[in-house]
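Both complexes below contain subunit A, partnered by subunit B and then by subunit C.
== the complex of A and B ==
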């Protein structure tokens, strides 16, 4: 049956969601670009300064430090999170006792407010009475508490570790969903052929959930480029700029120093790097990964 | 042969349990520790810390209500989340309804939806702030809710639910003269229970947890949402860890309960979102 398309109605239905996406996603991309050539003023006309902000970026060591920290989070933190999620996902996919309980608990941090999680770990890592230091001292590994979040050496790993703690359960659920698409007949056949667990995992399971792992990787890219809430409450970028990330630095410049034009220019650079990294990963994975994801 | 095989299996099972128990402990212990800290009556800086609450009491929670306008902040969070959830149900289902038709620009619209997932909100904060200021919505509940009024993942959650409704039902109800709005209201939505649940849960959690946006656009103290007030609590009150962690518990409990009560819908939703892209 041929039905006449209610064109006006379709437009009406689409309008609100497209308006929200346009105003808060697409327009900002263009607006940032525009703003990056200006010296923003709270009152009066903005002044055109050409490429000056970009020159400032190149000479700004803190920008490079925050980019480096972002990339460290991505290149080191994300693979660790995915490896852990893979291990846990493979285990809870087996018919073992308590698997539902384990799944629920390991996923539990994911929905919790990131600000709350930052504060929870701030307390855990406290040098005087934090549980982590208490355990290390009880084991005789250290004598005095380590001020994890105040130390140049440990602050960055601590913050990245906290984000991993939150996201591992989410990656695990993705891995589980990937595992469920594998036909059991494949494993059964390998079992009859006498392939051991490790062998089966390596040669059958892993290649089949490759696309799921790449999906985690892409999500990891976005997470590392957007990390903010936890850093803000745990270290606020410190000590020095040891835990400065791109978004924390952009936020600080825009909303603490009122340098909106400069922040816009950094956002443009960040967006281009983000797209480039995503594109490259997609190419490297042979286009198998799903697109990127942001849950808002 | 089979004996060594079953022994191997047993060792494997035990190893798996050990790893999973360790992982569970790493998750549970910090959550427990904060809960304990919020209840304990011990001096928080006494060493070694006691693993259990000493003289447990609820004074820390009472203090949170007493020291700051907690109820007001909670109300802000509830109002903003309420707006977000309502708008998500309405706007996302409308968008998904539109996508059930075949129309000329459909593939462009879908591409637009999907690709805007590649624009994290964090890259939009500066223009979003300027825009909200232009609209005069700084410091308002609506301003806080705006960026989340429609969410792509939830649109696709509705879409896959609507796609599952047999076309024949829709066609016959059109023949029966049901208006398009009625079709959404009387046929698609009643069959979309799980999608509605997922929309409510995800929209609530995103809105409740949102931090960077309130941080940017809230100017007056009384407009703070809970995560924002939580992040500022320490700067107002020094060395008040018992109260701070009571506050942490109060902010985290609603999302934890919503998640635990709706695990299936929650997980289904984030999976739908992740796999769609």
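== the complex of A and C ==
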């Protein structure tokens, strides 16, 4: 009887996927890295300029402003979104009437395309005809409309708030999935011992969904470094560069200023920052992607 | 055994396919050129007319037309360049083409204009120099050439007791305040492509030094202008959307009666009048901006240097800018074409005059200010300089920094760009 060796067949079946991954991921990343040391020319050979683009980055105030905005989104916006998702998740995990309805309504914004959300909120935040200003005026909290997206003070919080609104439902679903994995016996035992709701949440629930929360953090990191469409639609980085994020600034340099080499250098720096933030988050959460100890 | 059958079958199929591919005589395909236009889907009939005239002249050639919205145009063109497959002929707005000329993307047409001077003589000299000249060589042909004028709401002016459009900057400021009440402001300007620059030019502020080696706008006069604009915005005399909107929002605001004056290029008339219930020849006034300064926002045609058919492309752009089709620009798009004879014919047409009194007035004002064009750097880095200046101006206007600091920062940024 012949013995079949499936390894060759496995490799054959994997080959198309690996080829696609190589062509559309690895090769462009490598090409981008080398481009970061060049001055891209649309016609003719690129000019090798070494570290000049990286030196320019150091001296570019707009780069630092966009990095700052990106990190503000991550360090402030993401924790707020996770905290809200956790609160909502704990609420809709209770056996209350209509909880499926609440879960659906809270999750609904997530599948909507960010461009549509950006347009909707752009009008909702309009200082003359926007719903938000109308409500604030009706409640007597303000006299004149607040130009949320035209104000250096409010533009960035408004954009971050919109992204939180969209993503909180998705985080809530992840939290709910995490909550389902907690053995009910643990909570029952804690109840018998006289532990209150807050105590049980802090000592049992949160530690056991740490990996879920870490996952939300990672998604939050990715979102903060890739939020392009909503910003483009709502403010296009303005007023000034008040809502300029790294990814929008990279786009602007590549496609408005034709500086593909400089944009490539910024993406390399962005990649390094992303790695550092992810590594730091993993260490702060106890390592092992937030796994830590499990209660049996 | 099964594997061998499969292998033999595959080889046979490949061989069969090759036989069909290689067999038979191929007919000679027509020469195909690609035309990329900037947001002209409404001009389909005329563009098809250009193509028909071209194909009649060259039965062995055809034009494939692609139109892209303005906001996506540069991204689209950039990706085509990176892919090594750019269109043969491009219609591009404003000064974006300077960068392409500097990068060798555009065909130098200087010798062609020298060989056929009648083509160059079609156009207004000042406008042609602005729209086609980069570093002493010519790369473009004007397609349509709107420049800025001052629109004003006549009923609002009457209501405020104002005698007519402002003739000086002091009057502009005074009238802006006089027109402001409740949520209505006095003045809006479009802000992209330097269109707001007459506010500074009228006070003697230049963007760059005459040799274009350094910023020239950081002056006491500029500080005064910026402080005035900040105060007017704070008071509501200039609605905030002036500085944060691009095209649709400011035009929409003027059309909705949210301000009494609008500094914009003439094509804005189509935009705000179609969305308003008050704008007509009796209610819209058109005047020169104080100091008679105007900023051109032309569209021009260029030929990419990688085209396989430069002579055919040249014939096509000559057809498009000929008297016949330039007249259509005036009557259909509502803007000057840049072709003097064609503009004269269209404007002297009694029917056009009777049907379009506001447009006739717009064009009179535009033509009277052609020697006073401002807001042009003539540099490949124009987009970056524009961004550096404007983003810093808005920081002052919205109270983030003082006017002096904003101008200092803008000057530093611009000088850094120029030093590269």
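Observations on the model:
As a working rule, the second predicted complex is superposed on the first by the 282 of 296 C-alpha atoms of A that agree within 3 Å, B and C clash if a C-alpha of one lies under 4 Å from a C-alpha of the other, contacts with A are read in each partner's own complex, and residues count from 1 in each chain.
By our rule, a contact is a pair of C-beta atoms (placed from the backbone, for glycine too) under 8 Å apart; a residue touches a chain by one contact, two chains touch by 3 or more.
These numbers come from a predicted model, not from an experiment.
When both complexes are overlaid on chain A, the residue A:35 reaches subunit B alone and has no touch with subunit C.
Within the superposed three-chain model, A:189 lies out of touch with both subunit B and subunit C [touch as defined at top]. When subunit A is checked against subunit B and against subunit C, the one touching more of its residues turns out to be B. Contact with both subunit B and subunit C is seen for A:128 once the two complexes are overlaid on the shared chain. When both complexes are overlaid on chain A, the residue A:114 reaches subunit B alone and has no touch with subunit C. In the superposed pair of complexes, A:88 makes contact with subunit B only, with no contact to subunit C.
Of the two partner chains, subunit C is the only one that A:59 touches; subunit B does not reach it.
Look at A:141: by the touch rule set out above, it reaches neither subunit B nor subunit C. Contacts of A:254 after superposition on the shared chain: both subunit B and subunit C are touched. Shared interface residues of subunit A, touching subunit B in one complex and subunit C in the other, are 128, 254-255, 260. By the touch criterion given at the top, residues 1, 3, 5-7, 9-10, 12-14, 16-18, 20-21, 23-29, 31-32, 35, 84, 87-88, 91-92, 94, 96-98, 101-102, 104-109, 111-116, 119-121, 123-124, 128-129, 131, 134, 138, 165, 169-170, 173-174, 177, 197, 215, 219, 222, 225-226, 228-229, 232-233, 247, 250-251, 254-255, 260, 263-264, 267, 270-271, 274-275, 278, 290-296 of subunit A touch subunit B in their complex. Taken in their complex, subunit C has these residues touching subunit A: 74-75, 78, 81-82, 86, 99-100, 103-105, 183, 240-241, 243-244, 246, 258, 305-306, 381, 383-384, 387, 391-392, 394-395, 398-400, 409, 413, 416. Every residue of subunit B that touches subunit A in the complex is listed here, in rising order: 12-13, 16-17, 19-20, 23-24, 26-31, 33-34, 37, 44-49, 87, 90-92, 94-95, 97-98, 101-103, 109, 112-131, 146-153, 155, 171, 174-175, 180-181, 202, 205-206, 208-212, 215-216, 226-227, 230-231, 241, 244-245, 248, 251-252, 255-256, 258-260, 263, 266-267, 270-271, 273-277. Residues 41-44, 59, 61-62, 127-128, 144, 147, 149-152, 235-236, 238-241, 252, 254-258, 260 of subunit A are the ones that touch subunit C when the two sit in their complex.
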